[in-house]
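These notes concern the structure reproduced below.
For clarity, chains are labelled A, B and C in written order, and residue numbers in each chain start from 1.
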Amino acid sequence: MLEVKSLSKSFDGFKAVNNANLDVQKGEIVAVIGPNGAGKTTLFNLITGILKPDSGTVHFKGENITGFPPYEICRKRISRSFQIVNIFPRLTVFENVQVSILSREKRTWNLFTPSTKLAIDETNRILESVGLVQKKDRMTALLSHGDSKVLEIAMALGGNPEFLILDEPTAGMAPEETFRCIELVKRLSEELGLTILFCEHDMEIVFGIADRIMVMVRGATIVQGSCDEVRCNEAVQNAYLGGSDVCLM
Amino acid sequence: MDFFYAIIPPKVLSQIFVGLSRTTILFIVSSGLSLILGVLRIPNVAHGSLYMIGAFMAYSLSVLFGGGDLGFWMALIGAPLGVAIISLVAERGVFRYLYEREHLMLLLLTFAFSLVFGDLVKIVWGTEYKSVPVPQMFHGFVYLFGGLPFPLYNLFLLIVGPIVAVALWLFVNKTKIGKIGRAAAVDREMVGAVGINVSWVFAIVFVIGCLLAGLGGVLVAPTVSVTLGMDHTLIMEAFLIVIMGGLGNIWGALLGALIFGLSQSLGILIWSQFGIIFPYAAVIVVLLFRPTGLLKSTW
Amino acid sequence: MVQSRMRGKAQLYVYAGIVVLFVLPLILPRFYIYLTSIILLTGLLATSLNLVLGYGGIFQFHHAVFYGVGAYATALMLTKSGLSPWLSFIVGPLVSGFLSFIMGLICIRLSKLYFGMLQISLGSLVWIIVYRWYSFTGGDDGIHGVPLPDIISSPNSAYYFTLIVTAACLFVTYKMIRSPFGSALQGIRDNPVRSEMIGINVKRHQLLALIIAGFFAGVAGSLFIVVDNTVFPDMLFWTLSLEVLIMCLLGGWFTFLGPMLGAAIIIMLRTFVSTYTTYWALVLGVLMMFVIFFLPNGVLGYIEEKIKKDFIEPVIKE
């Protein structure tokens, strides 16, 4: 479904992503792992159009979407959540999700119908499914960190995606929140048939829910395969699971 | 020489020199503004008022010391210091509590200061025009390229400009405070975390920036009539120069001032009625092709 | 539910306010009617700025350009063309909207401070042209004694005209802020990157907002012609832009009626202070400092916070 070929991006000579390759099949959950600074977030930014790659291609459902602006990518039904909480702090929880839906329905050019009458049911349904419906009238600036991260996912769902990218969905969450969040991700995959690409530091979570894993070190893909393949791969063990991330070269 | 004039007509040449003198003033004022913007992130609208205060102080000091050469030199030293003291009070009293606010708030706060300063000038010096005499030793002309008259005072300005540029460069790059300031411009929290008292570094940088505004005011005083409202056009020009050159970049301010000063003086030659649109047009062209200014900005 | 109750109450106050404004000419002397007209149209100007500033998060530093250009376009059409005078009240704002579109196209690629500065630069260019083009704009003299249609030439009728147009424009602006477009705009203000990622074309939405704001600023400019019969280059000088910014901040730039309140406070205060002293700028400057220190969300923002505290928090605790 998503195919990334030899994607590269450098900042002032520093190669943040260097020849990354990735393919994701429909319905899969794929994890990207790698040490801090390996370029995971940059890779996601390249796929979703926030950054433009220096070279390489991104294909989605056979279509070349390399270098498309983010709003075009979103219309291809790719949604994402961010590592650092990235929401609209001055809007309510409800409005955050509602804007996302209105945008997908291309109603944001509507100047005169009150928003309060639009997309109510769908917004409520999404909030219900992620468990935020009780807090829907709160200003999002007042939400807890865990709730904000869940809201991120809810906003991504507002775009009615086929393909969901989650950048460290459980970062900074309390253990119990983490558990709930992982359950949510699993459910989304099973109930809605979403294809999910995510990155995560917690190996237990990764091996628990991922169908396949891609390992990145210093911007490059060193291997992509099933959990067992990755677990047994020597280069990965050296670079990552062995705990030292310097001896790869 | 005739050959030389055939390439560049004397009229154009003399306008270039006029433009360069103007550039000196613009550079001195906008480099101070750029310093404050780069390190403290304050778009200081009151900078123009400090320039005006510098000019008025130059007038008072010059009168106080008899209006002659001594008066001018005392003004050259005293007025920037006076402006520095005013800015120190403003920084310690008000600005330092607001560094974390949004740019918009800081812009409006400094605008509030410029309103207050404007009226204070009115209260202290009245509304009449003031003039500061050109010192005796700078009376007369030099003759450039065999016969082109150029006022000695403007020559003096052309010498002061580079001196200020070099001094500022030394301050930013060679002194401890300058280095801390540059580091703080990139990552303020980090510098604070290392245990450096950022607050006082900021105060010093702010005061030096304002001192430059005062210096610009003194230097311009003998060439224009010192009057209320002289801050309005200048602050706008200084902002545009800073933006054009790259925020916080001293050499950018120099380059911007050169472009601004020269396009202003040559523009008038080309089209007297609308000549002053050329510098503004230059800014627009620059920003269209280099949205963050000509040289690397500090943020 | 609490919010809708609050909104209902606010609506009631607004209706009462409009009624009061309608009967005002019966009680107030002529000068105060003139003053109220100025407040209304300046409030409209500030509200139009706030559409892009408070709701759009765009650093529109030189909003007065669109006000001035709207006024000039109207005045020039009234004095120099033989067309229907009513047409000029439509053409003026349209010219402003078009100028806003052109300037927006140029500036929109830049963000925040750079946007603001480039806009000031372009605006200053317009100001210079108006200021220097004696034969067409009258230069620094401006244009005086602009002829008006009889029906709006008396102070009272000018007042009613201003009141009705302003109320209509505010109503439309309010509708827009509550519309999906308004939601998207506020989302862009809060977080442009996120907005792009949920499929909003940020630049285009901002551009539309700029055009709308420019148009309404032009309406305010045309109204100034109706009330004052004159136009002069100071109307598009950058200091006026900052004054309008101050009005937004003073009233509360995250509230809808804040800018109108700010305009009212500043204009009334200026009139009042000016009778005692010539140092109005000093008073304004000091007032500004106090507002920035103690009321960063403005007067109306402060009141709103207060009400929310008294209203909502007990409900949440229950």
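Note that a residue touches a chain if its C-beta (ideal position, glycine included) is under 8 Å from a C-beta of that chain, and two chains touch if they have at least 3 such contacts.
Values in this document were obtained by computation on a predicted structure and should not be read as measured data.
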Leaving out chain C, how do the leftover chains split into contact groups? A | B
Grab the C-alpha centre of each chain and report whichever is closest to the global C-alpha centre. C
Taking the mean of the C-alpha atoms as each chain's centre, how many Å separate chain B from chain C? 33
Report, in whole Å, the distance between the mean C-alpha point of chain A and the mean C-alpha point of chain B. 49
Counting in whole Å, what is the centre-to-centre distance of chain A and chain C, each centre being its mean C-alpha position? 41
Under the stated contact criterion, what part of chain C meets chain A in this complex? 3, 175-176, 178-184, 186-187, 189-191, 193-202, 205, 208, 254
In their shared complex, at which residues does chain B touch chain C? 43, 45, 94, 97-98, 101, 103-105, 107-109, 111-116, 118-120, 122-123, 232, 236, 239-240, 243, 247, 273-274, 276-277, 280-281, 283-284, 287-288, 291-292
Which of the residues in chain C come into contact with chain B in the complex? 53, 59, 61, 106, 109-110, 112-114, 117-118, 120-122, 124-125, 128-129, 132-133, 237-239, 242, 245-246, 249, 278-279, 281-282, 284-286, 288-289, 292-293, 296
Mind pulling up the chain A residues that touch chain C in the complex? 48-50, 69-71, 74-75, 79-80, 82, 86-91, 95-96, 98-100, 102-104, 107-116, 118, 137, 155-156, 158-159
